[in-house]
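Working notes, beginning with the structure itself.
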Amino acid sequence: TDLEVTHWWTSGGEAAAVKELAKGFDATGNKWVDGAIAGSGGTARPIMISRITGGDPMGATQFNHGRQAQELVEAGLMRDLTAVAEKGKWKDIIKPASLLESCTIKGKIYCAPVNIHSWQWLWLSNEAFKKAGVEVPKNWNEFVAAGPALQKAGIQPLALGGQPWQATGAFDTLIISLGGKDLYMKVFKDKDAKAAAGPEMAAIFKAANEARKLAKGTNVQDWNQATNMVVTGKAGGQIMGDWAQGEFQLAGKKAGTDYTCLPGLGLNQYLTAGGDAFYFPVLKDKAKSEAQDKLAETIVDPKVQVAFNLKKGSLPVRGDVDLSAANDCMKKGLEVLAKGNILSSTDQLLSPDTQKQKEDLFSQFFANESITPEAAQKRFADIIASAN
Amino acid sequence: MTPHSSAGRPSQLFKNLNSKIALIPMMLVALVVFLGGTVWTVVYSFTRSGLLPRLSFVGLDQYERLWAAPRWIISIQNLAIYGILSLIFSLVIGFVLAALMDQKIRFENTFRTIFLYPFALSFIVTGLVWQWILNPEFGVQSIIRSLGWSTFEFDPLYNSDIVIYGILIAGLWQGTGLVMCLMLAGLRGIDEDIWKASRVDGIPMWKTYVLIIIPMMRPVFITTLVLIASGIVKVYDLVVAQTSGGPGIASEVPAKYVYDYMFQAQNLGQGFAASTMMLVTVAIIIIPWAYLEFGGKKRG
Amino acid sequence: MANSVSIRNLSLSFGAVTVLKDLNLDIRDGEFIVLLGSSGCGKSTLLNCIAGLLEPTEGQIFIKDRNVTWEEPKDRGIGMVFQSYALYPQMTVEKNLSFGLQVAKVPKPEIDKRVARAAEILQIGPLLKRRPAALSGGQRQRVAIGRALVRDVDVFLFDEPLSNLDAKLRSELRVEIKRLHQSLKNTMIYVTHDQIEALTLADRIAIMKNGVIQQLDDPIAIYNKPRNLFVAGFIGSPSMNFLRGELIETGGKTVFRTNGVDFLLDGYEANGPLAAGRQVVLGLRPEHIGIDQPEADRELHQAVVDIEEPMGADNLLWLKHAGHTMSVRIAGARRYAPGSQVRMSFDMRLASLFDAQTEDRI
Amino acid sequence: MANISTLNSTAAGFDAVSPQVAGPNGRKPRKVLSRRNIILYGLLIVAALYYLLPLYVMFVTSMKGMPEIRMGNIFSPPMEITFEPWAKAWASACTGLNCDGLSRGFWNSVRILVPSVLVSIAVASVSGYALANWRFKGSELFFSILIVGAFIPYQVMIYPIVIILRELGIYGTLTGLVIVHTIFGMPILTLLFRNYFTSLPEELFKAARIDGAGFWQIYFRIMLPMALPIFVVAMILQVTGIWNDFLFGVVFTRPDSYPMTVQLNNIVNSVQGVKEYNVNMAATLLTGAVPLIVYFVSGRLFVRGIAAGAVKG
Amino acid sequence: MANSVSIRNLSLSFGAVTVLKDLNLDIRDGEFIVLLGSSGCGKSTLLNCIAGLLEPTEGQIFIKDRNVTWEEPKDRGIGMVFQSYALYPQMTVEKNLSFGLQVAKVPKPEIDKRVARAAEILQIGPLLKRRPAALSGGQRQRVAIGRALVRDVDVFLFDEPLSNLDAKLRSELRVEIKRLHQSLKNTMIYVTHDQIEALTLADRIAIMKNGVIQQLDDPIAIYNKPRNLFVAGFIGSPSMNFLRGELIETGGKTVFRTNGVDFLLDGYEANGPLAAGRQVVLGLRPEHIGIDQPEADRELHQAVVDIEEPMGADNLLWLKHAGHTMSVRIAGARRYAPGSQVRMSFDMRLASLFDAQTEDRI
């Protein structure tokens, strides 16, 4: 059966990973009809939502793991996958458990998680630092210190694309990596406005202020263009999620020798476990519904998990797969995972509305130096105060 | 005189029946889509609708939040700057070009085609091309630097302070051709004798244009103004294609705010509040015009 | 006498179309000249050349004996009034009048004086503060004349100034323009295709056809002694009756014969000898034909009334006679029903004879 | 000819024509490079360059290889002309898993364009005709609402329209998309047609009524044949508008019927490593080709039509 | 005699503006009625009501004694000819003529017959294959008449059919329409603001002002016995001379006195007794004033020539007399230079007297 699957995975690494999913699904005798919409989730989500609410739903669709689809589920527009999950024993195999929790609404499971993404990575170009004559930093602080040297060598110290979610992600990473788990949880889980306005956060904003100075002059929009600057040694480093690794891989770069990855920015080694999940709108066609179940099964299938995540550079959603083929960085990530240093991502903790307000704030903050860290912190505290 | 004989007036409902039938699509669109959609939007702007519309009223909360949001304020400012400048420039450029074209020049068709062709291209295309031309690493800035002015700076798309002008350049490029066409049509409609009278009176050409011709072209200006204004309120694609609202939120516009909050933030209430504010703006522009345009003259 | 405007060998073509052909015209100082002709004959074109609004292809134009062929309109000492008034719509009447002077940097008191004078002459004082849109057609045209007036020029050019007005206003303003000319004594060149205007206003009328002046003469001569068939047919309403025939010698006298009917030519003043056998056209104006007025020395022709057109003061009869339809104008009080028999008599002193070939008067 | 004018004067009895004297005669000589011409054409050419620049850049870039683009100057002509980017843009550029470039979108666009243009113009011209010639109580009110509707940002209307189409059960179908284009084309087109039909002599309409023609007979046999100029304008506006549409194309269709603009967006925004500017430009030009050709071919009619219908109130 | 068209208490308003006010009009079978009035008085509106193109606000319309107030234009048995011709530009002349018949599903041979007949009557046979754009104004108007003709209707409506033509064509087509009426004997209702057309064509003229019929009468009565001041002033070109004054009793006779000058009223046929002391207006037509024609029984008034307007067949003098300017029409051959003294005589049988208050004829 033909099943139309919409997603916004269109960059080189992502497309390669999708191909694996499609292959796995096609192997079940069905057909994956690709409905890629380029231009990040911001462009694609409205279209997906319109189609679902408009009564012309696709067979399956990507959402960020978390609260983006919550209302659609509540409105009864999404297919209940509990049966599939029970059959596949998802509760037992999916690690960390918070992933499946995010798919669970009122005790029923509505999505199939496909990968684990963590944001807290600093990607460094060994070549760039060699050119600047400084050692490859081992953590964020060293990186900041190396900034002037990079600048002198005509290298962009920090690459940061113009899309709002990149600035937001970078900032959230600074909170975990510089401020630690407790601060992160207090602010985003408990929505503690006092903590958001407090001195600990002030330090983060200072750090962000430094970061934006280092990032000034990037002049690209897309994250992978920024990553490409690191890949080609035009930029020293980039704070970006683990998906950036796919780009390095695609360019034939080797972790450790060509580039370095520092989870938790080399400081606090905590990762958030967000990621992507597939949702399955309720369809009338029985055959299609069965195909949907098949796709859900395929997604958590161990072989597909390995193939997909190796290409995408993300971590698989189950702990029982063999990742011997994984590279350096991935292994580092797995280590952290194994230690249990895992937090929920902001997508899971905050509503899209709050996320959007945060994006507005941080994209403005990173682009416009006339906004002082203090002013930004005040606005941040306001957003947290009214967050839901 | 014969008395009134009684042949009753036929029912008003069936008078012009065909016309009424023919106008059903228009009436439906006007009533259901435009009026209905608008009322619906306004009503839901007072609710806490998230991803799906929900009738849980929250009073003016959405509006309070809207006007407290720096991004909305910036959007409004940008729209004002872009709107006023693009009105002024497209009218001025369009009129000057039309005036030049009206001088019985050679190759009029060629020039007109050149000025008009950008109108055939979408804002998406326009935005892409100008993004490319204004890109500091490849475009105008790098060319001029390579010619020797190594300190020359022209990167409107990456400078928060002037990004809106970068968008304006592209917007004008796309739209002035049509304005020129309208103006040219208007100029051609001016009575030849006026020109003759002003020459006999010895009034210099530019003075004739400014003091006599332009005031005479009021209707054309109004039509043009309305066309440009309706385009300005809707400006969205151009910004998305050129800057996506960046750097930061420096080039955000209200239409984008509406879209982003409705679909990305999944806060329909906020989006509807923003669109209601846009509608209010539109109403302020259009009602006086509609009154002037359709209120006065009638025809039976 | 000094010439106010002289035109020498003027030609003008728009691309391949020649509109004016080697035209010469001398206009005396203070003269009122009317250019009369049917639509498209080049009247406006000629006027525009004089004004400097069109460049001639060939030839020269003199105003007050100065060669102005290449000069700008404003330097020619002319004022012009247009059919469509061409008032500046967004300016008040006062501004319309003074605008040209302001641009020419005439001092303010002088401007005020001239505007006041023009307003007085044209009786538009109360309208000075109004916009053209708030004026009637006649008032607009007065303002347009005023605009020429304030410029204090030697030559006034009018391009069908009254064509856009209704009949009543037209005859009123016609009288005013005539009065204006009598008091100002400027040279005026006036284009129209209304022959009543031409006849009543002109010192001399220039009748044009296809860019060539057919006859330049005073109204009476134009009316009574048209130079050729075109002029004869053009002037007079209803048209002169034309009878095609030939000259015959009978009984020592030359008579005109058409369809077997003879007309005595007693009293006709020919330009030369009337050779028998010549193919000619006899022209008789409707008011020069008598109906049922047997006078001693005239022959009488029998005719039948075809149509009667009472026009108030006059009554127009269309008569059938010898295969022709002839129009005859009689007093409004005399009525004839269609079908009645009448007897016509002709006053040959007022008739015209044209050569059928050359169409020139003989 | 001279003898006629001589005759004129002698007949009047004075002023024998004096011969032409020296001095200015005929047309004032004028230099081709007068100051006026230099300024006039100078300005026009400068303006023309500004308008042509982007087109030039697009063409030039689309024919360069990536290495040449990276070297810098976007304005320099290609050193080595390659049509590779065009081929790629048309046939093999990828979005997600689909690597068939714009070609598929082109036919989708055509399939959307033809019925949308026809239906929207048909509906709008009938409405404009009814509004101009068959008014009834309230018709102007509806029209005013419609015109105000022209100002509503599309984004605002998406949600209500999604709901309406859903209720009609035609969301996601071609019919739905055609209706959406008809709705959003309606205000401006109706205004155009109404103004045009109003500017036609009313007596024509009266004569037809006396001849016994009814609503549709008058429309088809009298008005339509006379409305050619405004049809051209409407056609051009709709062809470009619908062809260039992105928002409705993406919201109201499924991936297998995405129009060309959506594919363009996908190609341009699916960055694989480094942006392939040459392919992007080629894709852009290919997408813009249809409206551009329409303009180049019928631009003159467009201007004439504008003069005939749009400028009049 | 049967009424062809009857209008009962017709009123029509456009919003707040009342254009027709409680209007009644009966038109006899075969009659040629002309509606005459100045611009905007409601003539076209009335015609459109009769045609069914406008709905009356109040009142009823009968055609051939059938109440057609609510009927469609096509069912009323009327044909209409418009000022702007209103020919369908994309159709040939033949198609223009046959369109209405085709719509009415008249069989083809019948259509051909009727078109051929109309073409013959109007002499437009050779034009049948042409488009309107390739026709002259006169030809177009003929086709427009033909379009009404083929429909074989009882009533013809003309809305200023000749206004767009030049003077010459106008007078030609006027005659043709008159002939058409004489041969068809249809009822014709003809709107114009040209009084010559009205006087020459009409069996009866209805003079309108502000949506009210002022006088409905035959042309002679309208011209010579105008019912009120408006009609008197409206008809005649140049206008009737109006002298404001009062009636005085001197020597047993009632005389009219203005500015100290007395006019005997001998011969005037009043509607009632002429009471002395009444404020009145005396109206004298320009052609009813004699110049230097001392006749036995008339008093002579001295006057000075102000302006002379020769018009070919006639000569128009503007005289100053007792503080009035009076126009006098004399034969074209008689010329008076401005400033000359003349003696006027008046034919009071042809004069009109109006009450100064009510403006009605007395």
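Order of writing sets the chain letters: A, B, C, D and E. Residues in each chain are counted from 1.
Just so we're on the same page, contacts are C-beta pairs under 8 Å (C-beta built on N, C-alpha and C of every residue); 3 or more make two chains touch, one makes a residue touch a chain.
By chain, UniProt protein names: B, D = Glucose/mannose transport system permease protein; C, E = Multiple sugar transport system ATP-binding protein.
These numbers come from a predicted model, not from an experiment.
The set of chains in contact with subunit A as well as subunit B comprises D.
Of all chains, the one whose CA centroid is most distant from that of subunit E is A.
For the interfaces A-D and B-D, the C-beta contact count is higher for B-D. Computed centre separation for the pair subunit C/subunit D is 51 angstrom, with centres defined by C-alpha atoms. Subunit C and subunit E have centres, each the mean of its CA atoms, that are 27 Å apart. Counting partner chains per residue, subunit D has residues 158, 265, 268 touching two or more of them.
Residues of subunit A in contact with at least two other chains: 46, 50, 53. Those residues of subunit A that touch subunit B in the complex are listed here as 41-42, 45-46, 49-50, 53, 68, 70-72, 75, 162-164, 167, 219, 221, 351-353, 355-357, 360-361, 363-368, 379, 386. Interface of subunit C with subunit D (complex): residues 1, 3, 6, 8-9, 21-26, 55-60, 67-70, 204, 206, 212-213, 215-217, 227. Against subunit D, the residues of subunit E that register as touching in their complex are 48, 51-53, 72-74, 78-80, 82-84, 86-90, 99-100, 103-104, 144, 147, 151, 159. Across the complex, subunit B meets subunit A through its residues 50-52, 65, 69-71, 135-137, 155, 158, 160, 243-250, 259-267, 270.
Of all residues in subunit C, those touching subunit E in their complex are 38-39, 166-168, 171, 174-175, 178-179, 182, 193-196, 199-200, 219-220, 223, 235-239, 285-287, 307, 309-313, 316, 318, 329, 331-332, 338.
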